[in-house]
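Pasting in a structure now, in structure tokens, and then I'll have a few things to ask.
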Amino acid sequence: MSVLLVALLLLPLLGAAALLVPGPLGIVAVRFGLAVSGVVFVVAVAVASLFDYSAAGRVQGTVDLPWIPWLGVRFHLGIDGISLPLVVLTALLTLLCLVYLAGHRPTRARELVFALLVLELGMIGTFLSLDLLLFFVFFEVVLIPMYFVIAVWGGEGRRRAAYKFILYTLLGSAVLLVGLLYVWAQTGTLDMVRLAAGHPMGRTPQILAFVAIGLGLAVKTPMWPLHTWLPDAHTEAPTVGSVLLAGVLLKMGTYGFARVAIPILPEGAAAVAPWLGALAVVGIVYGALACLAQRDLKRLIAYSSVGHMGFVLLGFATLTPVGINAALYGNVAHGLITGLLFFLVGALKERYGTSDLDRLGSGLLGRLPHVASLLTFAAVASLGLPGLAGFWGEMLALQGAYAPAAGLPRGLFLTFMVIGGLGAVLTAAYFLVMLSRLTHGPWGGPGPTIHDATPIELTAWVPLVVLILVFGVWPSALLGLTTPAVQAFLGVP
Amino acid sequence: MHVVYPAVVAALLFSIGVYGVLARRNTILVLMSVELMLNAVNLNLVAFDVWLRDMLHSGQVLTLFVIVIAAAEVGIGLAIVLAVFRTRKAIEFDRLRELGEP
Amino acid sequence: MIVSLVVVLPLAGAVLGLLLSRRPHGRGPAENLAANKRAAWFGVLPTALSTALIGWLAWENTPSTSVLTVIDTGGIAITAGLEVAELSVLTAMLVGVVALAVQVYSVGYMRGESRYPSFSAFISLFTSAMLLVVFAADLLVLYVGWEIMGLCSYLLVGHWWEERANSRAAIKAFLVTRLGDVGFLFGIFVLGFAAGSFRVADILVADIPESTLVLATLLLLAGVAGKSAQVPLHTWLPDAMAGPTPISALIHAATMVAAGIFVVARLYVLFPQPTLDVLGVAAAIGMLGAALAAFAQTDLKRVLAYSTISQLAYMAAALAGGARDAAVFHLVTHGAFKALLFLCAGAVIHHVGSNLLGHMGGLRRPMPMTFWAMTVGYAALIGLPPASGFFSKDAILYGLERSSSPIQLLLYGSALLTVGVTGAYATRAWLMTFFGTGKIQALPEPAPGTAHVFDGREAPLSMLWPMGVLAIPALLLGFTDAGEFHLAPALTALVVALLGAAFVYVVWRGAPERDPARLLGAFRDPCEQAFYVDRLYAVVFVRPVLALARGVVRTDDHVVDGAVRGTGRAAVGLSGLTRHLQNGNAQLYVTGLLAGVLLIAVGAVVLG
Amino acid sequence: MIQSIDYWAIAAPLILALAAGLVLLLDAFLPARPGVRAALGCVTLAALVAAFVVVVAQRGVRETFCVPSIGCSYVVDATTIVFAGLALGAGAVVVLLSMAQLAEGDIPVGEWYFLLLAALAGAVTLPASRDLIMLVVALELVSLPVVALTALRRYDGRGAEAALKLFVVSVVSTAVMLFGVSLLYGVTGAVHLDAIAAALAQPERPGAGPVVAVGAVMVVAGFGFKIAAVPFHFWAADVYQGAPIPVAALLSVVSKAAGFAGLILLLTQALPSESATWTPIVAVLAALTMTVGNVLALRQIHPVRLLAWSSVAQSGYILAPVATTDAQAATAYLVFYAAMNLTAFAVVMAVPHDTLDGYRGLVSARPVAGLALAFALICLAGLPPGLAGLFAKVVVFREVVAGGLGWLAVVMAVNTVIGLYYYIAWTARLFTPADATRPAASGPAWIAVGVATAVAVGFSAAPQFVLATLG
């Protein structure tokens, strides 16, 4: 198992390195990338199959090699119930992105595939690492490739958006580094597993560390006041960039809460939870309202991510097994649904050259029946319809908020629950308004020959649809994985 | 004689040197005031050496080195002033602004 | 085992209808026809099978529960299971019959429509969701079915989405019910955490303190009000008439709107008196207001929609008064005859090509079958003796007369008044449709939003059969529950109803071509606008939210984003400032240097 | 009493000094043909390599020029080896760069290599000196030749102006430093660093506190000028732009390393008892240096000027851990910084342009130079593909956070973001597609680029070897 984990990291690295070598690979870059990400996905599935589901709480397949003794950094990898779904999600989304690319001749394909493979390396590394600094290194590996994906292949205002993205996220990760090193200065060890087991830090250092680490992760999640980089980054990013940015990069922030912040700093988490909950709930309503008045489709979906991540953070703020399960479930569900949404919107943008709602016209169901019906399916899944993946994340988060952990103010969390519920209604409102403005309405008969979804696009999208349905109908697929791990670090029987 | 007298004289000499560096426009005069500062240091060192009755006389040893350093600096300083004069036909110290911030 | 088959069959039909009906892909007329035929089979067959199975369950009549899995969410577990009880089988039978009737009816109604496959698939999906609600053993599984029904109503009301109004009506329907559902979800949480499990059986038996019960049931009422279009959240139902008539018949007459009443009946033991009073007051107001509104409507379908609101309020009043069985009995009979009325209305609209009563008249002769079916429906609605409505209304009035609830007088009084007004609006609609002079003139090709015109003949056979099938229970259902038939309340109700009907007949007889609604005089317009409740909601809720949304976008751009951009500009500004110190004058550099040394020396001495 | 001299200990500076003399003589007697220029370069390089081998071969602590009761003036220990190795390595790259520079013919070859070797000899002796006199002399030995080097190009107005500025500021700060030394000597009566520390440890001298404080500050000012810390940073941009690029590289790496070595020796060995006074001052200086360096670098268009302000900012990062009295982190960062900065200077030398836009599309036109520069800039910014930069920053952050200077860590975080802006702005230009014609660079510059990049990539791939040598 541990060999497979190392393979998960080595393959993208070797793939990217091979692309760097000037040579014939440039022409078949996309196919080469497809092959590499395919193999990585197969390895991820192999890891999932070899995973011992009965002991999902325990870290499995650990690799523990000394890397920089002077700094005390160890190359410590491992996978458990929390990180397994995210690793498989990352491998899947990267594969689907490259499948999508195979259908579209991107310019400078070699550099784009190089960036995607390095992105995949960074993402999978973040989910696998069990050493604080190794987590930080992989957390930052993602920055440069995503910057170039936005800055080179993006829309008109791409340069400004790319700058804002990389500077904002770097500030976040710099503060995160300060937090991590503060934990290290207090405890003397960088090993997450040992830190999560015993809590040697006092209460106020824990609060300080949680605030620093929380801020760093909140920028990436994004939490409400620190979210302004997301809409710009999404509006300008190319389809593939948006899918990975929304599908996985946001998950690294929330995964940080589940892996680093809450298990290692429980008292800090308990002290800061009400504030985290408040900001999360504001994020839900704020995101929903911002979407209601949005003119651009990609910005709308970016703000919807702010809303959904609000629910995930609310789940974390409750500090109960139900809440954190909800957060992790919402994480994976949001990755699938928003990934599909951005694929569809990207397809629309490539066909019509714009993602502005007014210029896209109406009656899409008549013009592009397949794309429009998939868009309706994704929108409905995103507004949290039961029977689809989005519902369980939100419902369990509200249920967690109804009965938060012992030390937390019950009345406050009840108001969070009510506001979150209203936020869900607003979410339904803006998605339906978007659907009615875009897919419904007159469409004036068969227009110029804009081709509907091509087979390649469908092969990229159908797996996501199937997974959304599977996780909607059969939630214990994921909950069975995360519950033991969450109960393990929350110490709740 | 108490050590404070030479120390005060050295400090005064040093201040005059500093004034010279800041106020004079001609580079050569700036160099001369720097020499003044270095000599103030020598005075200070020798005074402390005598006052401490240092067996190693490190004060005086350092004074010798300072004198050598001062000589070297004057040599290079004047050479550079010559180079500046040859290219710019003027050696006003505060006129040389070509390399300022754009 | 059979019960899970009952639920899964329509779902399978829906999935197959959506995916496989259009093989090979193409939009030409030939492919459309083949696709419609295949979709019809995928729609009708599973529903028929499912109804048959329900029939067998009813005949077998043994309560049983079958649990699929228990989902452990870290907190309170959710049991995905189904439970067969006497009440649920009765309601399921209603759902099955009406759904089958509607599926057959819409084959004819939607002939030649290119999007029929998705239409019939969504109806099957709706049927399976409703059956899931009926047979759910766990409140959260019930909630899942509850929400999927809301989605299906959105998809089906917005079937003719070319017309912006239909799309807006669909959104309104979904959002108002969704608002109610949020309250419903919170109610489930309160109950679940108080009883320690979400299973209905455990909750019914758990001892929960009175105060939490009141809170939980009030929250549940929000969901019920939303789904069953009770007073505060009833505004979406009349607009939902924008959908095709079969949909109105199935969803907005018999099944979905009845789900709310079904849930109250199912958890009736949990409802303490204060909640029932609230329900009673809302029902009383709703009953009378909707009836008056129905009297003033010009559109036939909106008349029936308001009539549904009034009849549902009737059942709610029965529940508030403690007569649970009467309410359930009326639920079933109402489902039957209201679905019948809607199907007949569909046929009439099909015939005339417009929904407005003004365009109808003298249809007695061209459409005899529809005329007799609609007459039976109206008879049941008013409560004339042979029809089932007479018996179920009598049971409710008897229950209300003897109910021990503190607001008994209000309930009984408004019930009697409503019977009178129901008689009035039913007769008015009946007379204006079938009697008086015929007004058939060649109408232009109808806007896509209205039904298609037939050339004067009676509705096709595939539409008449379901009407016939539904007419039978509308007539005979009353006799099945022969039980306690009480002469006194029945007679009073009959007299009041006939009084209302006769009054309208007299007014109509005077001037057949003028609308009897002029009877209301000054009250006509408020009644037609349903007392301006819609406009009130728009002003109080919709417009402020949209304004807030625009405000949020502006602040997000200027304040939050401005702060971020501001830091960037501040950094560049700072660099502009420090630039002046770097103007190339070496003397300035040395001054800076010595000043720095002086500053640090003073700092060191002061600090040290 | 005759002092015994341990020739093995002073072997490295001795080789450099002799080589300097040899080069001067060779230049005098050999005819001025192009072949001779290359030969002199090779001789210098050979001397550097020999000195490097000697330095690396030295194990354990070797002391010489010792006074029996007080202490030794010249001590070679682990940090000295690292600093000397760093200076010699950087010197080798500078020699390669200067071979390309000298090819232009307007610089006298012999004098150039002589001054270069003299400066390197000073840079190697300074980390080993343990008394104030040797410290001062070594510092002057590093500063004056560099001033001369800056002015060596004939008929170059900008070079002369830069040299003059550098000279005046250097001489003034030396004067200030000497005055500080005299005060310290006056108060403690000793010149050896450990003797001074012992003298300052006994608190019996009344009223000596302020004098020691002022003396210490003035001595720190001397080193502050060398590392271009805030109040002493004004000269940096002008001199880097005016001087020839190899000299700018020399200034930004070798003289900075020497400045830090002196500062660390002074603060950690001579004034440990006064740490209560100088730690906050050094912390504030570090914060100011980074901020000013980064902020001013934001608006630069000229590549060398941008690298100048970036090196000022980087010295701010290096200064920060010195404020926590543990200098190993500073040394580690310095080593990484040297490799990254030299790569950047090497590429700027190989592909000279006056504006950043000149570098547009360098990756497509000259892949090796483009990727090397991009890698160096990303390392300087401290982002993952440049692991060397990242771990350097992590080491410094760790020291600052462990030392309890939370506010300084936050200031550093903000500064890394500001810094990232102009690094990424330049890197982005490298990757934008544009096909401007490229002036061809001469051979040695490419070798310099190759060597520097290899060292930087080596540090990124395996940072633990560097950190392990620090012990």
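When the chains are written out, they are named A, B, C and D in that same order, and each has its own residue count from 1.
Please note the rule applied: a contact is a pair of C-beta atoms (placed from the backbone, for glycine too) under 8 Å apart; a residue touches a chain by one contact, two chains touch by 3 or more.
As the structure is a computational prediction, the values presented were derived from the model and not from experiment.
Path length between subunit A and subunit B in the chain contact graph, taken as the least number of steps between touching chains: 2. Summarising the inter-chain layout, the chain whose CA centre lies farthest from the centre of subunit D is C.
When the interfaces B-C and A-C are ranked by C-beta pairs in contact, the top one is A-C. Averaged C-alpha coordinates put the centre of subunit B at 95 Å from the centre of subunit C.
Between subunit A and subunit C, the centres computed from C-alpha atoms are 36 Å apart. Between subunit A and subunit D the centroid-to-centroid distance comes to 44 Å (mean Cα coordinates, whole Å). For this pair, subunit B with subunit D, the centres built from the Cα atoms lie 25 Å apart. Listed for subunit D are residues 164-165, 168, 172, 176, 237-238, 296, 421, each touching two or more other chains. Counting partner chains per residue, subunit C has residues 579, 582, 584, 586, 588, 590, 594 touching two or more of them. Among the residues of subunit B, those touching two or more other chains are numbered 21, 93, 96, 98-101.
Chain pairs that touch one another: A-C, A-D, B-C, B-D, C-D. The touching residues of subunit C, when paired with subunit B in their complex, are 579, 582-588, 590-591, 594. Put simply, subunit D touches subunit A in their complex at residues 367, 378, 383-385, 387, 390-391, 393-395, 397-398, 401-402, 406, 409-410, 412-414, 416-417, 420-421, 424, 428, 431, 433, 463-464, 467-468, 470. Taken in their complex, subunit B has these residues touching subunit D: 3, 7, 10, 14, 17, 21, 27, 30-31, 34, 37-38, 40-41, 44-45, 47-48, 51-52, 54, 56, 58-59, 61-62, 65-66, 69, 72-73, 76-77, 79-81, 83-84, 86-88, 93, 96, 98-102.
Partner subunit D is touched in their complex by these residues of subunit C: 571-572, 574-576, 578-579, 581-582, 584, 586, 588-590, 592-597, 599-601, 603-605, 607-608. Listing the residues of subunit A that touch subunit D in their complex gives 22, 67-71, 108, 111, 118, 122, 133, 136-138, 140-141, 143-144, 147-148, 151-152, 159, 162-163, 166-167, 170-171, 174-175, 177-178, 181-182, 184-185.
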